[in-house]
Structures are given as structure tokens and as C-alpha cells.
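Okay, so subunit A shows up in both of these, paired with subunit B first and subunit C after.
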Partner chain A sequence: MEAYLLNLGVLVSIYAILAVTLNFIMGYAGIFSLAHAVFFGVGAYVGAQVGMHFSASLIVTIPAAMAVSAVLSLMLALPALRVRGEYFVAASLGLQMLAVTVFSEWKGMTGGIGGLIGIPAVRMFGEDIYRPAAFFPLAAGAAILVLIVTRLLVRSSLGRSLTAIRDSESAAESFGKNVALIKTISVVVSAALAAVAGVLYANYLSFINVESFTLDTSVLVMAMVIIGGTGTALGPIVGAALLLLLPGMLSYLWFLPQTQIGAIQQIIYGLGMAVLMIFRPGGLVGRSGARRRTRKAGGGK
Partner chain B sequence: MLWLQLTLTGLQTGALYALTAVGFSLIFGATRVFHFAHGAAFVLAAYVFYWVDTAGLGMIPGIVLAALAAMAFGVAMDRLVYAPIQRHEGSFFTVFVASFGVGIAVQNIVGMVFGRGFVTMNSTLSRSREIVDGVYVAPLAWIAIACAAVFFALLQFFLRRTHTGMALRALADSPELIRVYGLDPRRLSSYAFALGSVLVVPGAVITALGSGLNPALGHHVMLISLAATIVGGIGSIGGALVAGFVLGLAENLALIFFQSQWTEAVTFAILFLVILLRPSGLFGRAAAH
Partner chain C sequence: MTAQALASLSEEVLLEIRGLEKSFGGVKAVSDVSMDLRAGIVTTLVGPNGAGKTTLFNLITGHLTHSGGSVRWLGRDIGGMKPYRIARLGIARTFQDLRLFKDMTVEENILTVMEPGALPFSFTGPSAREKRERVARVMERTGLADKARTRAVDLAYAERKFLSLARIMAAKARLWLLDEPASGLDPNSYATFLRLLREEVAAGVTVCIIEHNLDIVVGSSDRIAFLDRGRLLADGDPKTVLEDPELTKIYFGDRV
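Showing the complex of A and B:
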């Protein structure tokens, strides 16, 4: 039971990193990306390859993964500068679908559909860290660190410029803000931090394949952000915890057929998203003020 | 003769994409609702048809019930989901998420009822015949292409020659003027949803008879018709039709150069490039900004 909870804690921490970093561009910059799992995957694959061939130390793997992810995120920044709204969603969707094909076909790098096995565990203080009890503090620490970094950025002048751009791009531009640069930086930061989650994920499971980095994952992370509350500090974490606890909680409901748990879970979160958008578009954590801001976020053209 | 074979298969695939994309584009053009659950209407129609036909009631009742199911779903989405969101000035973002959520739910409900695996139907229509040396075409391919042509012509006639059709086109430009003119924008919006959703039926039925069904199909169809809508230019139903055919052909002709795993990537590479280079689409009027 304890191992189960710790394992869940590790996964919640890893997904919380993804949700927090997606919220950074979604909630504050109005960049609505369906390609977040791409950077999760890039982080995982780079972390795994570096760990297997050079060094399993996080001081090496994390910067490498962040750097590669940051460079690749320019592919997402490019359409973000050109288009908004539905066009950007479609562009990010295109990127996500392309990435899945590359993940499953570039066998030398990703191991193809079979994935990569035997990824070395993280070594810290002369010990391999792979047990949930040891890994949980590491993952939770990383999640808290990522949260603090994004919080600081949101409160910095960059964050204020981001919200200004989100609410009115032309107004921000007329105040002398370099819209293109600010948007690019926010996408790069978000993708680089998402790669951290990928590295941890690969090290923890010691096995990865493309299944973890598909559109479904992007949607799941998006659902975490939205259900928790877009543009709030704690919303994404609440959302991540809630959606990852759901399967466990459902398995306690004895009257549900066990083979259908996966489907029931998807139905609940699908309908949850729809109902929430009708009655409380700001998410569970969102206040009424936040709600108004979020609504503006996607509306601008 | 490989290219001829692939062109014909491409036209068949393209016809299915084209009609679904035209439906999506019609709904988006008239109501500005980004109806991502359009793929769910496709899956519902396909499975209703499958269910009625395998129950031994025949194809025609199957098609009629499939059309009713698609229409009912579209109108219900408009009335129960989009209308309440729009009442509090819902943005693109809010509408999209709600629609996406319903799409996920429908896919899984269908999966629970009919199973998540592939189901296929036995039909002589899907049996391929050799038309030229080494080129095989099933009767279904001709039906698909004919359906695309006939339904598109009917739709154009409706939009240009009938009172309701013209009102639908006006709704895209100005809901306020529609109200001033004495028409009800809400009712017109439901018409747009009914009409757009019915357009999935030919594609759904032909897919059920041809390559078979699985619940995840709606997702795939939606992604493709979304790509076709944007490549063709949002709001241009003629553009969506052409782009549907272009994507169907590209997906199949890509097989000459790439292995089959890469065909989907070709579609989305086209989508990505079009958004970057020509965001208003091939036939679009308004720019994306």
C-alpha cells in the first residue's frame, strides 16, 4: 500500500511538472498547445540515450534533455508567432502527430515501437535511486522547483508582458513589447522544463516507448490544466493529482466491471471537461476573476 | 500502374475526407463553433448503421437511422453544450475543450458498447474488381466519389438557392443583421449543425462497408477533416472539398516514396506547412490574424 502510494506520488509529481509547464504557456501566454507530450518524449528519449551512453547523472542528463527540447520547441514557436486560436491548435496537433511518427520510426534513437529498455537509474550520493521511496522526494522536489521557477517567471516583467500579449497583442506591441521574442522565450522555457519530466520518467521506469508520448498524453495534460484551473498557480497540480487518482479510486467501486475501468475513466474526464466548460470555465481552483481572464485568453484573434 | 491504383484509392479516401470536412467547415463557417466532436458524429453514424444492418433490418433503414443519429447528436451538441457556453460569451478555447471532452466520452462509450476492436461488414460492394491490368477498384470507390459530387452539388444548391441556405450564409457574416431581419440565429445554428452532421453519413456508411470500424476512427477522421478545413481555408466549403481530395490523394500517393507508416505524417506535414506559409489556406478569404 505504501509503495503504491509512493509510486502514485512519483507519477503525480512528473505529470504535475508537465501540467505546470503547459499552464505557463496556456494560462499566461494564451498559447494553446496540443503538442506538450512531444517535449515530454524528447526529454525522455534524450535523457535515456545520454544516460545509457554517457552518464546517468542528472547533472548531465537534465541539461542535455532541456537543451534539445528547447531547440526543437522552436518548431512550435514558429506557428505561435504567425497564428492564434484554432490555427495554432491545428499546427500544434500537426506537430504532435509528426512527432509520434518520428518517435515510432526512428529506431536508432527511440527504439521504434518497442521502445528503449534498460535505462540506468539515477545515481545520487553513490546510490542508485529507483525505489519509489527514494525517487518520490526527488520527483516531488523537481516538481516544486519547476513550480517555483514558473511562478517567479510569471511575476517577473516577462510574465507581465506575457499576460499583456495574451489579453491584447496589438496593445502590448504598441507599448514597445517585442511580442515575437517574448512568445518564443515562453515556449522555449515551457518545453525545456517539460523535458525535465521526461528525464525523470525515463529514469524511474527504466523503460519508455512511444505510447507515453502520444496525442492522448497531450490531451491528458491539457485536461489536468483545464480541470484544475488555467492560469492559476495550484490548479495544474490539483488537476494532475485528481486525474491520476481517478483510476485508483474507480477500482474501489466494486460494481464497475474491472475491464472497463479505462473507458469509464476516459468518459468521466471527457464529460468532466465539457461540464466544467459549461458551468465553470475557470477550472476548479479558478476564482471568478481568473475565470474572466481565461475566457479572454482564447478569444482574441 | 501503381500510380493509377494509388490515385483511384486516393480519390476514394479523399471523397470520405472531403464530405466530412465540408460538414465541419459548414458548421464552423455559419456558427464560428469549432466543433471538434464532429468526429464523434461520424463514429455514431457508422456504428448505428453497422448495428441496424447486422440486426438484419437492411441497409436503407440503417442509413436513415444513421442520418437521424448524426443529426440528433449535432443538434444536441449545439443546444446543450455550445449554446450555454456562448450565452456567457464562450471563447474559442472554452468551446474547443468542451467539444473535445464530449468527443473522448463518445469514443469510449461506443467502445464499451461495441468493443474496442475492429468490426467489419460483409458486402459485395467492397469486393475489388480488375478494371485495367493490375488495377483493382471496388464498386464502393465509385459510390464514394459519386456521393461526394452529388452531396456537394446539393449543398451548394441549398446554400445558394433556398431561403434557409442564404440565411445560413448570412449568419456567418452577421448574426445581428439576421436578428434584425426577423430570423432566429439560434434556430439557424441548429440547422447548420443538423446539415453539417448529416454530411458525415456517406463517409461513415462507406467506411463501415469498406475498411471496417473502430471507435478511435472518429478521432482520426476528425484530425483529417480539421486538416482539410484549414488547408482549404476556414469558412470555405469548396476549399474543404478540394483539400479533402488533396489530402486523400497525398496520403496514398506518398506510398510511392515512403513506407505506409509515414502516410499520416505526410498529411500533418502538409497541414503544418500550410499554417506556416499560408495560414488563410489555399482558398481562404480572411487571414488568420
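Showing the complex of A and C:
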């Protein structure tokens, strides 16, 4: 039971890193990416390969994964600069599809559909860290660190520039802001930090394959951000916890037919999303005044 | 006023516009416009709706690219440059529809225009304390001090206009392009606006304003440029331009 909860804690921490980093570009730069799982995957594969062939130390694997992810994220930054709104969503979807193909075909790097097995565990203080009890503090610590880094950035001049660009790109430009460069930096930062989640994931499970880095994951992470509260500090973490704990919690409800739990879960998700968007469109943590604000902003000149 | 305007004709030319053209499809929005903006002179652009006033601003700031002619800033051709580069040369503007950073507070709106750099830190710009003091001073002068933490969308109309002005005051530009900064202001707010404008001009800012209210134009400008259908019909001191019966007919023609 305890191991089960700690295991969930690890997964929540890893997904919280993904949600927090996606929120950084969604909530502050207005870049709605459906390709976030790509950088999760890149981080996992690079972390695994470096771990298997060079060193399993996080001091080596994490920087390597972040660097590769940062460079590849320029592929996402390019469409982000040229197209906006729903067009960018479509462009990021394309990148996600492309990545899944590469993940499942490039056997030398990713092990193809079969994936990579035997990824070494993290070694710290002379011990292999793979048991949930030992890994949970590591994953939670990483999530907190990523949260702190993104908060500091949001509160810096970069964060203000991003929000300014989101609110009015032309006004931001006419006060000297290099929109292309600022957006690119935000995408690179987001992707590099998302890679941290990938490294932890690979080390923890010691087995990865393309299934974990598909569009489903991108959609799940985006749902975590939206349900928790886009553009809020803690919303993405609340969203990650809720969406990962819900399936487990349902199985404790004795009156539900256990064989149908999957279908019931989907119904609850669907209903929950619809109700949430009607009553709290800003997300669970978002400002409750979000609706009024939107109406006012729309009505004002 | 006339004497003053004449005296300052010797002033340095900041912006030199020559034969500027802009067409959208077959329509010429700006057609063969030539004019100089000299340091310290308040120029007002007047003309009926659709005369090309805002288009002219957009051509200067790089939000539009001209289809002919040239725009020079201190002798350097800035045609085709990106808006952020032009802004960094010292040209700032406001928008008719304000374009405030709506989800940011008043304080943040002003602060962010002082930080054009892309990095989350800066070694060359003003220090954090200096920025805070400058923000406080600008909020004080524009009457927004007690709204520091209010988000821009939650401001009243006049406050929004002052925030738009506060942003440009904080930007430390040499040339201001103001697009209808006084429209819709009540008399009190209007007086405040005028006072601020005079203070800034006295402090060395050069201003070009688009304005519809002719009383304002006469009271606050050294020079008037009259645009109609993309052409510059007159350019001179306020009295001469406004007393020209031909221009008056064009200007009021669409209203009477």
C-alpha cells in the first residue's frame, strides 16, 4: 500500500514537471503546444542512452538530455514564430506525429516499438535508487526545483515580456521587444526542463518505449494544465495530481462495477471537463473572476 | 507660437519623410508624403477618417512596410526595419485602441516597457531600484499611483488612456507618436493630459499627435500637417492651416 502511494507520488512528480513546463509556454507565452510529449520522450531516450553507455549519474544524464531537447525544440519554435492560435496547435500536432514515427522507427537510438530495456538506475550516495521510497524524494525534489525555476522566470523581465507579447504583440514590439527571440527562449527553456521529467521516468522504470510519448500524453498534460489552471503557479501540479489519482480513487468506490471502471472513468473525465469549463474556465486554481474578465475584455474597445 | 515655431525651424531634423507611398491593393493609403519632424516641435496630424494618418504612423514604426519613398531617423534609412529595432532607436507610439497589456497590473505594464531585452536579467539596463523609482514617478504623475496593482482590464476608460500615456513616458523615447491620445477624455482628465504633454515636451520630447478635436490642436501644437486621402495637403503653423477655407471644407465636409 505504501509502495503503491509512493509510486503514484513519483508519477505525479514527473507529470507535474511536464505540466509546469507546458504551462510556462501556454499560460505566459500563449503557445498552445500539443507536442510536449516529444520533449518528454527526447529526455527519456537521451537520458537512457547516456546512462547505458556513458554514466548513469544525473549530473551527466540531465544536462545531456536538456541540451538535446533544447536544440530540437527549435523545430517547435520555428512554427511558433510564424503562426498563431489554432494554426500553431495544428503545427505542433504535426511535430508530435513526426516524433512518434521517429521514436518507433529509429531502432538504434530508441529501440523501435520494443523500446529500451535495462536502463541503469540512478546511483546516489553509493546506492542504486529505484525503489519508490527512495525515488519519490528525488522526483518530488526535481519537480519543486523546476517549479521554482519557472516561477523565477515568470516573475523576471522575461516573464513580463512573454505576458506582454501574449496580450498585445504589436504593442510589445513597439516598446522594443524582440518577439521572435523572446518566444524562442521560452520554448527552449520549456523543452529543456521537460526533458528532466523524461530522464527521471527512464531511470525509474528502467524500461521505456514510444507508448509513453504519444499524442495521448501530450493531450493528458495539456488537460492537466487546463484543469488545474492555465497561467497559475500551482494549477498544473493540482491538475497532474488529480488526473493521475482519479483512476486509483475510483477503484476504491465499492459500489462501482469494477469491470467497467475504465468506461466510468472516461465518463467522469468528460463530465468533469465540461462542468469545469462552464463554471471555472480559469481552472481549479484559476481566478474565479475569469468569466467576468473575459466578457469585459471582449466588450471593451 | 508662430515665432517660436519659426525659431525652432533651425532645430535638428529627427525624422525625415520623403515621397512616402503605401498602397493596399489598388488603394493608395499614403501617397507622396514628405515632411520633417524637428526636435522639440509638436506636430499634429489632422484630416478626415481614412486620410492615412494611422497608416503614416505604422509606416514610421515599421508595423507596415512602405511601397515607395523613404523614412530616415537622424539621417539613417529605417524603411523595412523591424518594429522593435525602430523602437530601440528612440521612437515610441501609442495606439488608438490602446493595446494595453490587459492581464498585467498597471505597475507591470509600465515596468515591462523599460525591459526590452530578451534575457531574464540585464547587466546594462537600469537597476531594479531605479526601475521601481521610475515606475512610481510615472504612476504618480499620471494619477495611477493608487491603481498600481490593478490589472489593466479592470481600469476605467480615462485610466486606461493614462496608462497608455504612462507606458510611453516610461519608455524614454525621443519621438512620441500619439494616436488620438485625448479622444473621449472628460475636461479634467484632458487638462491633466495637456499638462503632462507640455512637461514632457519641455523635457525634450518631440511629439507627433493624431487628433480630431481642433480646439486641442490649436492649443497644443506648433505645427499642423493636414492629410486627406493619403496626401499631405498643408503643413504649417496652426492658424494658417486651420483658416484655409479649402481645408476646412474637406475637414468638416463629411460631418455637416
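By our rule, the second predicted complex is superposed on the first by the 278 of 301 C-alpha atoms of A that agree within 3 Å, B and C clash if a C-alpha of one lies under 4 Å from a C-alpha of the other, contacts with A are read in each partner's own complex, and residues count from 1 in each chain.
One rule holds in what follows: a contact is a pair of C-beta atoms (placed from the backbone, for glycine too) under 8 Å apart; a residue touches a chain by one contact, two chains touch by 3 or more.
All values derive from a computational prediction rather than experimental measurement.
In the superposed model, more residues of subunit A are touched by B than by the other of subunit B and subunit C.
Once the two complexes are laid over each other on the shared chain, residue contacts for A:277 go to subunit B alone; subunit C is not touched. With both structures placed on the common chain, the touch criterion links A:79 to subunit B but leaves subunit C unconnected. Shared-chain residue A:182: touches subunit C; no touch with subunit B. In the superposition on chain A, A:219 contacts subunit B only, with no contact to subunit C.
After overlaying the two complexes on the shared chain, residue contacts for A:104 are found with subunit B alone; subunit C is out of touch.
In the superposition on chain A, A:94 contacts subunit B only, with no contact to subunit C.
Subunit A uses residues 296-297, 301 to touch subunit B in one structure and subunit C in the other.
Against subunit B, the residues of subunit A that register as touching in their complex are 32, 78-79, 82-87, 89-91, 93-95, 97-98, 101-102, 104-105, 219, 222-223, 226, 260, 263-264, 266-267, 269-274, 277-278, 281, 294-299, 301. Those residues of subunit B lying in contact with subunit A across their complex are 34, 81, 84-85, 88-109, 111-112, 116, 223, 226-227, 230, 234, 261-262, 264-265, 267-269, 271-272, 275-276, 279, 288-289. Residues of subunit C that touch subunit A in their complex: 61, 63, 82-84, 87-88, 92-93, 95, 97-104, 108-109, 111-113, 115-122, 153-154, 167, 171.
Within the complex formed with subunit C, the residues of subunit A that make contact are 152-153, 156-161, 163-164, 166-168, 170-179, 181-182, 185, 293, 296-297, 300-301.
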